[in-house]
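To start, the structure under review is shown below, and the notes come after it.
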Amino acid sequence: MSVTETATGMKKFINEPEDVVKESLQGLGAAHPDLVRIDLKNQIVVRKDAPVAGKVGLVSGGGSGHEPMHGGFVGKGMLDAACPGEVFTSPVPDQMLAATKAVDGGAGVVHIVKNYTGDVMNFRLAAELAEDEDIRVESVLTNDDVAVEDSLWTAGRRGVGVTVLTEKIAGAKAEAGGSLEEVAGIARKVNAQGRSFGVALTSCVTPAAGAPTFELGADEMEFGVGIHGEPGRRREKIAPVAEIVEQMSEAILSDLDPRRGSNLLAFVNGLGGTPLIELYVIYNELTKQLERRGLTATRSLVGNYITSLDMAGASITLLTLDDELTALWDAPVQTPALRWGT
Amino acid sequence: MSVTETATGMKKFINEPEDVVKESLQGLGAAHPDLVRIDLKNQIVVRKDAPVAGKVGLVSGGGSGHEPMHGGFVGKGMLDAACPGEVFTSPVPDQMLAATKAVDGGAGVVHIVKNYTGDVMNFRLAAELAEDEDIRVESVLTNDDVAVEDSLWTAGRRGVGVTVLTEKIAGAKAEAGGSLEEVAGIARKVNAQGRSFGVALTSCVTPAAGAPTFELGADEMEFGVGIHGEPGRRREKIAPVAEIVEQMSEAILSDLDPRRGSNLLAFVNGLGGTPLIELYVIYNELTKQLERRGLTATRSLVGNYITSLDMAGASITLLTLDDELTALWDAPVQTPALRWGT
Amino acid sequence: MQGGKGVNAETVQRWLRAAAALLHEQRDYLTQLDAAIGDADHGTNMDRGFTAVLEKLEELNGTTPPGRVLTTAGATLISKVGGASGPLWGTALRRAGRALGDSEDFGPSELVDALDAALVGVVELGAAEEGDKTMVDALAPALRALREGLDGGASLQDALAAASSASEDGMKATVPMQASKGRASYLGERSIGHQDPGATSTALIIAALARAVDEET
Amino acid sequence: MQGGKGVNAETVQRWLRAAAALLHEQRDYLTQLDAAIGDADHGTNMDRGFTAVLEKLEELNGTTPPGRVLTTAGATLISKVGGASGPLWGTALRRAGRALGDSEDFGPSELVDALDAALVGVVELGAAEEGDKTMVDALAPALRALREGLDGGASLQDALAAASSASEDGMKATVPMQASKGRASYLGERSIGHQDPGATSTALIIAALARAVDEET
């Protein structure tokens, strides 16, 4: 079925919905041949010079629709490979195994897994397959979304914004020669010290469905939304951004509970359809909230890094920093989506 | 009036519509204190260490709503200052004069002006004021949008995507010690060798109006749209991206007419509401179009760099490269939105 | 053994084909159910998986024993589907196939053992219990009904018909439940009032099994 | 001089206040017109500018001569509005003010010279001619009608009333025109059938002038 036939609510630059992921990967590879290579058969993105002998390999993956995560984070100083699944559907063990083999430099491979039932199950099967081939694998789960209670009665908190920070910081640790245990350790530390919260102003539209995943009134927002259009904590009337950011900060900080005077990395993330001008307005409000609590954002990241297709919305992630994390954050990174240093 | 009162069709993270620009600037300054400083009174963004003695200053500006352009391009290797006007309204001469004085290191200042009546008039008045204060000013006009015929019967072609490339390349030339004439010269060369074309799938919504600037049917696209929601050449049914990109490439290349074998910089730009996964699908189609014509994209830029608020849409800019332009493109740049090298 | 002749590779292939057809037919419906409490991809996932299974079946020659057919189908789902349903249904079919071993054909009691192994595999991987609002709520009742029917002396056809309606009841019973596993659990109380997509596709697959065996006679 | 007493700072301030009030009132209408063939900000621009002008007027003491009031207003528009209309109307008022010089009050012929200087300034900056579908299409006819009226012996009030309706006619006449200046020109033929926002705000400003002088008597 072509776009013209499914156009209603389908304002997308695509050919066949089922080809979006592969065609987008080809575009990524064509645009950044200096950084990554694409293995189309296995549907994985691999760092140009992988495997790096003696370096711990870093692999992540998940459903597509969150670009630039994860494929845009492959490169020196971050991921060695990414496994993109279909849109909003976790990848399959075969992809993860192929990626793991492609990046194993002999020092073992860390899997960074966002806490979703599907991702967890598929990465678990993949890790078993990899170990059958004598590759040491350490799996690290990210679960930073405080919109979901972490209780016996749920699948546990979702992995969202902190995943980006984990991949950058663990990637720097691996680049610096960290061991499998050290790289996995720093990744778990980042996850433990980071929390996120998201708000949606509109639903996303998946290429397969061609219609909004959920309906929101013209004056409504979804408070605590997930990155797959999963509805959130509750629906509320849109409020001035000052109020929204106060509620988001409250939800995050009451759970993270950093001591006064802490240095933080403040990450204001766009969900895909919200322009940068608004993300900086959010950042401005966030700095006021932090000040009020005697906290300082000594590092920042503002932009669309972990998205939900075309959803208008934003998430805030706060990470408590120490000298080690700050140094690893500042370390050089050369990927399609994050680039600094050399 | 608060967002809750004006919410219909107003899915934005803002407080008062009239405060968006200033609050966003404050956020930009708070997030990137290492790169820029904000002069709120004059509403300008200035490179942290400006003025750089002996270096030609580079100033640009225009209406807001195109973020990261221009404020996100201020920093080492690109702009020395940016003058953001109200949303979609060119800034005023006072801002431009203040910016010009703030960055003049004694070698003169280049104004990069997008060809819109308002921008041209205000920059012209500003240049006169600056010259009254004995600052040498060279104005460079960008007018790369082939969707508009450049005839006596129009205000001339609009300045769009090539502006980003001009600011990067002229910025590198200035950083390398180029003279006022040399920096203006290279900027004019980039504009002369670059062409763009844009397509919108949805209208943008300005904070002031709170409603779509134009109405598009569920299966319609605006072909040849401007970055202010100005309607384009014509309205068409949405087609598969392969067809859309073929038409866009045709419009650009028939005008630019590069000789076979040319190296190009291929810039696929999102207008704000279109996710990266689609921009890479567009890039993939674009490489096919270039191949067919014996052209090679030796450099690329893919992302949201010159936007139209929350508009879903994309533009393609093609720049014919030579060794000088390629080297200047590759030169280090340290700005909030473009960063590489050191 | 009582109640009609045994089940063979033929039957199993018919089952998988019937399941694939039903899932393809209900694809958009399943995706809509998933949109309400998940991420709007369950129909696409199951349809993609079983379409791949059909292709795989073509490659198998008639002599492949039924157990092999099922393990192959399970492996295919694991490599093609992703998401939660891929590993879950993939494991279910693989375990069922392994339980059947290499025998040419088998009877009702082996079928019970196979479905039991499937359920055990799903629970091992997903740790869901009945009442959690998952596919388990449609699979477990089906197995119970099948076992009870056969113990009560019903024919395999009749027992499977009972299993199929038990599975449908289990599916419907997920509506008032609050999800405590999978994506839907993020919704907390807001998951109440919606039918679980995985339970729905499971009921379709059990219905396909009943139909496939019924066509034997 | 014939036709009622002269115009003074009082009158000019009343003019600017009346213009500000009309533009504020019509703000959304002007923005809608601009949405159709421009970028949906003309109302906001003019309203922002004239609101700033009002604030500036407060700072002026009664003794400021009318010419000064206008140059100040023009400078304020240039620093506050931006866009195309800022420099254009800013230049118009500055030129008009300069033409009046420092005289305490002035008569009809000086007013004609002032408006003529304003038009010349707009054309110098924007290079638009009548028929280009711009503010010039509302300003030029107004000036012609004023001149003709006075030459024909009409009172300043009556001549200004004629100027105002000529300006409105000019505004309406922009509807069938194809724009060849400003943003609307990008639309080519698609600009036909829409009324030019700048011509509309200009007609309002001329109407405000007529009203301000009329209130004299």
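For reference, chains read A, B, C and D in written order, and residue numbers begin at 1 within each chain.
In the analysis below, a contact is a pair of C-beta atoms (placed from the backbone, for glycine too) under 8 Å apart; a residue touches a chain by one contact, two chains touch by 3 or more.
Computed from a predicted structure; not experimentally measured.
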Counting in whole Å, what is the centre-to-centre distance of subunit B and subunit C, each centre being its mean C-alpha position? 55
How many angstrom lie between the centres of subunit A and subunit B, each centre taken as the mean Cα position? 28
How many angstrom lie between the centres of subunit B and subunit D, each centre taken as the mean Cα position? 33
If you look at subunit C, which of its residues touch at least two other chains? none
Two or more other chains touching the same residue: where does that happen in subunit A? none
Are the chains arranged, by touching, as a line, ring, star, complete graph, or other? line
Which chain pairs here would you call touching? A-B, A-C, B-D
Within their complex, state which residues of subunit B touch subunit D. 63, 85-94, 116-118, 121-122, 124-125, 147-149, 152-155, 158, 206, 208-209, 213-214, 226, 228-232
Subunit B - residues contacting subunit A, complex: 2-4, 7-15, 20-21, 23-28, 30-32, 64-65, 67-68, 72, 201-202, 218-219, 221, 237-242, 244, 266, 268, 272-285, 287, 297, 300, 302, 304, 307, 309-310, 312, 314, 336, 339-342
Give every residue of subunit D touching subunit B within the complex, in rising order. 31, 35, 38-41, 44-45, 48, 78-88, 125-126, 178, 180-183, 185-188, 190
